[in-house]
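Below: one structure in structure tokens.
For reference, chains read A, B, C, D and E in written order, and residue numbers begin at 1 within each chain.
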């Protein structure tokens, strides 16, 4: 074509591929070597599932998985609930002074570096004599999950024009009926993606958990970390690959939910 | 008549309370600790002291026991800033074209490309760092491959260097750069490019005079999203730096573990927070100024 | 029945032994790990509670007793107490064993890959004045005392030294040597040398032994300037919720067969007698466990005074930053 | 104060938003069964008034009566009034049928009733075969019809429509006008219709209230509003007009003589109490001006602009003293072809339709 | 093939988008200095044609000449043609002045020249005091004027305008029409104007090309297109019309007699070669029908719909055999007030303006 597309810039496709390679190559290599039949990280000597079996048989990994799932689901649930209420209040409630400040405050946990959140929480728990363990992790996770749950819910609630609730009321719906039959179904996708996002974030957290964990409350990332410290094994590769898979599945889920529910206008 | 939903304040209360009690107060605690004195094996003595902050700049000389200027911590802070800046720059250089490229795909395939960028963003930071460590080690695939090809005969030392840390930061936060720029490009009104072209601008003139200025908010957001977490990074320097390349995040952690100097750790934390807030405030000021004009 | 929460060095306890204890006494064992005595102390001092037993080294037992962190459980009442080697009963850090029982003991030195370096390895110069072949290939321990003590010995100074002039020299030495080092980690040391990432690494003798079994070109050094001896001990922490299980566990580990299982896994010398029949062959004549005649005697380093600790901390922080 | 037949009576209603007054003492009577239109430029308060009637906002002052009852304290979901929203506000997660049934569900109609009525409504708007679709699967015009059906289904006493046609394109808008008007006539429900399009208002309404800046300027039938605008705002806003400055020379009960700036005298109906020598404005529609031979004409001038518009041609004629008048001639009458820019022409005025305005 | 005075000559241009053909063999000559309009419904290819001229797309077949030179290989940024975009496409990060200067900067005008010309343009569009503002601080009409100034500043030979008025509201649109037309006359630049609004096209253009489905249906002056539509698409699309089925009864050189379905015979000009008994369509504009006493009328019927439209009133009259005709009467003529739904009326036809169409 003589008239090239104005949007196109040469070389950008190449750079994109470079980026994607950089992003994926390490994880891919890691995943591939999790099937390596020998303990070497260098040489490929055959395919095996042994390391995955080992992962599933390792009691400390089992315990950590259980811990991680418990914490992630509880924290994500609490955070989602709390975030939902806040989002509803901020969008549908009467405007008030300090609304922007409130919004900033709810997003505050993302703005503070994790290392500081971790240490501050640790000192706080120690100061109030709160025993470190599952509960302390749960609390810390809930805090930093709130903004992650909040953002998708808030943007969803905000995208719902005022006229929908007015239309419902106009058609004789009480406030409760309006919420139940109109608002809630419309923001449900936001709630689900908020929950899943919070779940992933909690499941993946290392730094903060590392600070506020107590005996017996080791989570998967902590287990992986302590295993890596001792030395790389295909078992770590296998475990990482599994966690990778879980993340990918959850993200795809969020994506699918969002796509299916966004009305094409 | 009040036509709004249940009391706004009641709905906001849980979120605000949780963040207030379990984050704001802890950070205030941390701040308080920075003004106290350390106890021998960790913990604090309730004596007011500015030593922790003094220690940032001065140290007691081994021989004379006098306080003399010490640039070491400043150097760590500056090194952290440098590493974070370099990582940000690398992310920008690769991320900008990538974001642009993805956002200009036809809608049918655009989402797939975007997903490709989002997935790593949601994968455990720890695992990503580990996989990076895995491939850059002396015995890792990169070195093995290079040796196999005969390009080099001894492994390149990549792991456990500042380079590795930067690489790790770049790798960890690249999606943070791509996403906001992607959003900006997607919002960009491409008829402006046509208009520029119509008004005699060549491709690169359009890029310079029309695209870049309009993508600026996205670029700034991306840079902040990479720079800020990079500055406070802990995992990348810890694993990829081999415990030898400290960034301010590790220095802080160290004060609560090996070195057991809580007030100093708290003071470092305050410095980190201050730096981040300054950056945020500067940019949000500029942004709102631009939005207003 | 019940639980036992164990806080132990990483890679120091075979899963099989835990399983054996669990099934024999129906106790759920939870184990977390740390990488140095200092980390253990820091975590406990920072208020992490809930662990029942820990495994501090010799001098750390003394510090922990002083800090009031240990439960005086009087282990000599245990049935298997009799198996403890005589010389390990009346130790300076716990005379008469009122708080602790021996776990394993050994030495701290370093290991060199003889494929990478063929010169004399029995000198601390390998670490502090690294020969060119090994530059950038050295891993050091992430442990204040091990590193500073080695440096003091290399300089020919006393350990637990509060002489500021000498410490200033040590400080300079370390900072200079650091540029030749690759990394600073303890629990990954074996992996570093076995994988070849490092050609030299500070290492404990048992860990070194296990490394050599994987990679025969590795050799454990007996530096002429001297080396550190250490003895780890099982202690019960104050406020332990599962004190009874902790005592059961102590008794369990004093059983020669079980102590031997520890040795077979970790490679250090057991603190109890009569383990020989249960030991693997590889351990019998291992150079790591049987120093040559001309080797220097390894030295136990007692806890230093708080001002020395403070100075060490400063050197350590200087080094890491 | 309300006649027997009044559906909605708005009495001295004021609505403030903070310091800003969106409605200033608005009073209106809307008859039962009529097609009543609120017409006015953007921001004049049409939507605000509608929202007050629907109950989404409450009045700052004044009262609103629905069939004689004050409804101030009746919340929106208790008022027998439904609304067709500008952007339809169809519930995106429900299919068309469920959308239509929503109001009846809330009113607890019996299942049978509800189904029957839904079918009826679907038929009315000719969407029976789309009942299973989701709103986003319909075109703009179809969505508009669903919104109408949904609002009509619970048999409201009054239907409010807020610019329901503004999102549609020209051709569709024209055909929907006819449809809407027909449905209103069939159902006999009172429609309160909001628009800023004067053509729409003229073509559809029984009566129109012209609003501007929070005030009602005039209420009347389309013809009354077009032919007898109450003030120059209305005259200018509805259709095109010549607004000419003039001075009153003679006044009697029925007629008055006014003198234009170019000294031409026009005798026209007396519509306002005004004194001699008073400065007034004359509003004369371009189609009330006609060309004639200069000697038989009221005034003469030369054509300075000619715009062909298909049905008719619009001329701008300079009649001296800088006075420009618009003349509109249907293309079937005068041979508009023969008149060109620059030509001298005579102009006559159908003075019976000249309107005297004082503001 | 191109006359001396041709600015743009489009020769058998085809444009395919994949399998879809957006333009099918379009040929057009646009004269230098004229106001040329492309008119057609949405999707007919107007924008596509404009983009081909501007150089944003390349032709699939055919050639485009600019003042005699083929410009196929000239990229858009080298063509002396500027565009006013539908949504203006003003650069949001630059102030008005910089927007206007952009094209000149790219052409490397001298600084002095640039400043001088920018001032000139700002004056032309009467925005001198807004030069420091950013585009979003201006109203729609002002933005539109900036877009115009920006496109005019580098002195293009041809200006393309893609529905520049469609985003404006009615009143503003009407006033901008006059302004645009005036600027075109002042500058003498060839304007190629795209719209789907027939009123706009009729009011502004020197010549109009009516397009439909990628083809040019007719090119001509507004009057020619309105009065002598080439086919029923054009007749229907431009203004309102009665399209009546008829059979040819007699034909000669100048005239023909056609018989409508209700047996009424109409004698009208012969505009197409057609045979006796051929089925044709007669297009008669509503304003060419008039009411008269039933006994003096060509046909009679009863009024079945009456729509008041201000300037005029439109009636739909049933003239038997299910034949409905629209009659438009200006409100100054017949007393349209006295005619009501149901009345019997007589109708005459200004047959000279009936148009025979074969497709």
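Operating definition for what follows: contacts are C-beta pairs under 8 Å (C-beta built on N, C-alpha and C of every residue); 3 or more make two chains touch, one makes a residue touch a chain.
In this text, all values refer to a predicted model and were calculated from it rather than measured experimentally.
Graph distance from chain B to chain E, where chains that touch are one step apart, equals 1.
The chains in contact with chain A as well as with chain C are B. Of all the chains, the one whose CA centre sits at the greatest distance from that of chain D is C. The greatest centre-to-centre gap from chain E, using C-alpha centroids, is found for C.
A comparison of the A-D and B-C interfaces places the larger number of contacting C-beta pairs at B-C.
Centre-to-centre separation of chain C and chain E, using mean CA positions: 92 Å. Each chain gets one centre point, the mean of its Cα atoms, and the points for chain B and chain C are 36 Å apart. With centres defined as mean CA coordinates, chain D is found 59 Å away from chain B. Averaged C-alpha coordinates put the centre of chain A at 18 Å from the centre of chain B. Multi-chain contact residues of chain A (touching two or more other chains): 6, 41, 122, 228, 232. Of all residues in chain B, those that touch two or more other chains are 137, 139, 194, 197, 256. Residues of chain E in contact with two or more other chains: 56, 76.
Per the touch definition, chain B reaches chain E in the complex via residues 189, 191-192, 194-202, 205, 209-210, 213-214, 216, 293. Of all residues in chain B, those touching chain C in their complex are 40-43, 59-60, 62-63, 65, 72-73, 75-76, 137-139, 157, 159-160, 242-244, 246, 251, 254, 256-261.
For chain E in complex with chain D, the touching residues are 42, 169-170, 197-199, 202-203, 222-223, 226, 238-240, 285-288, 290, 307-312, 328, 330-333, 337, 350, 353. Those residues of chain D whose C-beta lies close enough to touch chain A in the complex are 54-56, 75-78, 81-83, 85-87, 89-93, 102-103, 106-107, 134-136, 150-151, 154. Remark: chain A residues 161, 163-164, 166-174, 177-178, 181-182, 185-186, 263-265 touch chain D in the complex.
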